[in-house]
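Before anything else, here is the set of structures, which you'll find just below.
In what follows, subunit A forms one complex with subunit B and a second complex with subunit C.
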Partner chain A sequence: MEEKPQSPGVPTWLLQPEMYSPPHDRERFLRANRRKLAGILSNLKLQRGGLGSDCLASPLDRLLARVNPAFRLLGLIATIVCVSISGNMLFAWTAFAVFLVMLALKPAALIVDILEPCFAACLFTALIMLPAAFFGQSSALVRVTLKVLISVGLVLQLSRGVAHNEFVAGLAAYHIPGIVIFILDMALKYIVLLGDVASGALEALMLRSVGRNDDKSGASSGIMGVTFLKAHDYADEMYEAMECRGFTGEYAVAARRRFSGADGTYLALIVLEVLFLLFTEGVFL
Partner chain B sequence: MHIPENYLSPATCGVFGAAMVPVWVHCVRKVKATVPREKVASLGVFAAFSFLLMMFNIPLPGGTTGHAVGGTLIAILFGPEAACLAVSVALFIQAFLFGDGGVLALGANCFNMAFVLPFVGYAVYRLFRDHAPAAWGDRVGAAVGSYVGINIAALCTAIEFGVQPLLFSDASGQALYCPYPLAVSIPAMTIPHLLVAGVVEAIATVAIYSFVKKVAPDYICDPNYQGAVAERASSLKPVAVLIAVLAVLTPLGLLAQGTAWGEWGADEIAQVATGGQTLGYTPIGLEGGWSLEAVLPDYSLAGLPDAVGYVLSAVIGIALLVIVFKLIAGLAANRARPPRASKA
Partner chain C sequence: MTEELIRFSHVGFDYGDVTALDDVTFSIARGQTIALTGPNGSGKSTALRIINGLEFPAEGEYRFDGVQVDAKAMADQQFAKRLHQRVGYIFQNADTQLFCPSVREEVAFGPRQMGLSEEEVERRTRDMLQLLDIEQLEERAPYRLSGGEKRRVALACIISMNPEVLVLDEPQNGLDEDAQAWLTGFLRAMAEAGKTIVVTTHHRDIVAALDAHEIHLDKFHHIDKA
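Moving on to the complex of A and B:
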């Protein structure tokens, strides 16, 4: 019982060896959230202040970067509509070939970045469409899966090849109200800021979680709740900052780009694409 | 519930896009009119919050996770019109920057998740909050509202899928878009939502709402919130009916605890890594020869010379090879390089 303190001032209980081994807990939601948040944030952060040099490594992308993002958006939607309404698979396969060529010119990291979500979408589609094959609708399986791959791939190529701020500004060409563009622009910026808050809270929770956490729902709702409160504070601060800079409730979107030769060529390509669709559908025959 | 591209015909997408325009206009006007000016500036921030909420996994009983849409939650916190705008912007960002949900299907997705879900969920929530005792009406209203909201939205999605084969099929009777009729699409969409996704939505909504209410009640900025606290406990009938419906559905929710919902995110990655080069052809291979007869006519290139087909295959083949070699080289380079110092 009589234990001699080894050093003066240190209580004996502090000198007892701790043999605590925390019970094992599955922290799937913590891990899954961290992974997901990190993926989103790295994606959006890469784009802070424009595109990285890696994004424009492909010569084709450098050419496309000269085109007004508003037209590229038009081209994307036109292509997706064409792929979607094409009954003849020649058009879809051609679009697929063009997509692959554009992809093949990019650096490996960017290819992975684009293909990962594509495969997820295709796998999901193939799974959903699989029973259709047993109903004798097997062509729907191939058709829809291929078209999903092309559409998702083209969207991701555009998203990785255009700076987000330019893309949002490009929307102004379509007379979308300033307030909508403003909301979109703010949302993109604040996803990064709030995402940092959420991932910080998540990391703190992980570091402090020892042993079994029986209130996982409480923990995760706490993180989202804190993020909500932080969103509120950010919004107030932003409004104050905007008012200090003369904000009166009206949003003006900055001047548009001039029409260039690259824009003209791109628009001509869209027209050719539509003509090709009509040709494959037998309109000219 | 995100409808990908090509599940709906462009015509259907156009109809839903057109249907959403007046909704958006109404929401922008209503938000501008009812929400104070300093709050209008904050809509973008709340859209960002909505986006993150859709990305955030909520732990489920049984060790699995799922994610909520959060439309009802945002409607309770800011009002349904603000929720409609916030979720719409979040869906826009998902469609255009992350390839999640179709670009053409954006109108339909917004109709289901940004219009039906928050408005239905909010209406049910108001029913409880205004008629049930204050002690539990608020919380139960949030739970039931979010549960009903996501399920009605899932039903709308199912109907959109289900009408496709009725409206759009080719001469041989093969569906051009989603091939499942209503008899298949409605149970396929609604049962998982009744059993699992609705439960996740309800758990997430109640938990986050209670947290915000407890920690910072002033931050709830639904314009209808302050006025409607008085006058309640007058009619409990509609509430009782809803509780009865919920009671009937609850055992179904318990049954579903063992299913691996949300787990397949990890499976998906594994499958992508192993089957990465198959490019979605796997299903045909799995089905064997019989399906090929049905598939092949589809590939016939409408009487064009074979050369076109050869050229096309060559282009696809070469591009595929280049991609595969680049990926292998990229992987090898990553492995050879020591892990980077943690600079982030």
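Moving on to the complex of A and C:
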């Protein structure tokens, strides 16, 4: 065997091959959290930097992308309120059908991405509503679960179909103070940055967890500590940077979009939706 | 004859719409020092992440010591832990790599994980603090150290696990000239100690100083020359 040259100062154990067999340890929590956090961050980054081609693959989504995000938010709120207050199931089932059509036009990966949290919300709701079924109100269980499914599904569809920066800028249409929009935008930016720190630290912990860790909570609190300290440093840096740029507390957000034909059509659809709700509730009879 | 330790065969990888590596093939022999060079976004860091089993090739295959490293292999906890012990990864940003309350605990974390006796943990910790010249920092919180000191602590906490391969992502970033010279000398000492070393860098002078074999990734995410 070839003899290795001895380096000055290098301890002898470092020159020997490490005969090591890792013991078994429960680490699913660490690995699952790292994967989940990475997934959330990648979604947030995608949303901040503009939408990926997958998000606008459906022709309906491309049409909706022409509408001011502020109006889409209004449409979402109107739909959720209408679904929630509707006593007649016809409206809820119609909204559900529209939701399914919109979903069916999207790529498979995006459908899964939207449906996973929807099903989790439905399961949770169904569990809460289970006692109603035992008291003979099984229709209430179906009604509430369906309404939750539609509401959560529509929120997710909107969040996957509008870039966050567009969405935040769109709030200017409602005359929300610029400073509020600025804080919201910064909060989203720093969620991504701090998420990266936490994700990196989790990765480091995973790479160095080569054996049995009897102090998992200690390691986890270390990661939380690093993230907290980093948040503090980011806040200081941000404050100094804004001072250096002459920030006086005023922040003007320019309205990026003019009112378009697509906006008008979308608002007309919201009015039609409300009229349909009133019709199903028998207001016109 | 040199023994092959790391092999990339026609490896392709992308982040959604963005290509990071495209049909990359190279091999690294045991004890070799390799510098992965190339412009920003050419896929150097992605290659390191694949070497560490943090990402898996979308196309082609990556083998470590003859064993294919993919999602299936890494699902085996024993294999994953052994790979992470054998391949020591020093992040570009040492801030995120250090999470213990003191430098001493940081360095001892790995050996303690490996189930070594407390005497051996103590010996390794002491050796590393001496070797990296950070004894005076042992009770300090890693987060509050300077960039150069953090880099030394990160090196100490990885090397204390006695890995066969040292993988360093742009290790000279944020270091002054003296610290860079120290780092180059240290990596040469590690190479002489038989460690396989893979570094990514933008600087050709580091490649020369380490007497490293250069693998250049071009802006098209291909190997330009090897």
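FYI, the second predicted complex is superposed on the first by the 258 of 285 C-alpha atoms of A that agree within 3 Å, B and C clash if a C-alpha of one lies under 4 Å from a C-alpha of the other, contacts with A are read in each partner's own complex, and residues count from 1 in each chain.
One rule holds for everything that comes next: a residue touches a chain if its C-beta (ideal position, glycine included) is under 8 Å from a C-beta of that chain, and two chains touch if they have at least 3 such contacts.
Treat the numbers as computed from the prediction; the structure is a model and nothing was measured.
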Broader residue contact with subunit A after superposition on the shared chain, subunit B or subunit C: B
Which superposed partner A:G225 touches (first subunit B, second subunit C, both, neither): both
Touching partner for A:A204 - first (subunit B), second (subunit C), both, neither: second
Partner chain(s) touched by A:F135 [first = subunit B, second = subunit C, both, neither]: first
Partner chain(s) touched by A:A268 [first = subunit B, second = subunit C, both, neither]: neither
First (subunit B), second (subunit C), both or neither touched by A:V101: first
Partner chain in contact with A:P23 - subunit B first, subunit C second, else both or neither: second
Subunit B versus subunit C as contact partner of A:D185, first or second or both or neither: first
Shared subunit A contacts, counted only where both subunit B and subunit C touch the same residue: 222-223, 225, 229
Subunit A to subunit C touching residues, read off their complex: 4-5, 7-11, 13-18, 20-25, 27, 42, 46, 52-54, 197, 200-201, 203-213, 219, 222-223, 225-226, 229-230
Residues on subunit C engaged by subunit A in the complex (per definition of touch): 15-17, 52, 54, 77-78, 81-82, 84-86, 89, 91, 93, 95-101, 109-110, 112-115, 123-124, 127, 130-131, 143, 157-159, 161-164, 189-190, 192-194
Complex contact set, residues of subunit B against subunit A: 4-7, 9-10, 24, 28, 32, 37-49, 51-53, 55-59, 63-65, 77, 85, 89-90, 92-93, 95-100, 102-104, 170, 174-180, 184, 203-204, 207-208, 210-212, 215-216, 219, 262, 265, 268, 271-272, 276, 279-280, 282-284, 287, 291, 294-295, 297-299, 301-302, 304, 308, 312, 315-316, 318-320, 322-323, 326-327, 329-331, 333
Interface residues, subunit A side, partner subunit B - complex: 26, 28-29, 32-33, 36-37, 40, 43-44, 76-77, 80-81, 83-85, 87-90, 93-94, 96-97, 100-101, 103-104, 107-109, 111-112, 115-126, 129-133, 135-149, 151-153, 155-156, 158-159, 164, 167, 177, 179-180, 182-191, 193-195, 198, 216-218, 220-225, 227-229, 231-232, 234-236, 238-239, 242-243, 247, 249, 280, 282
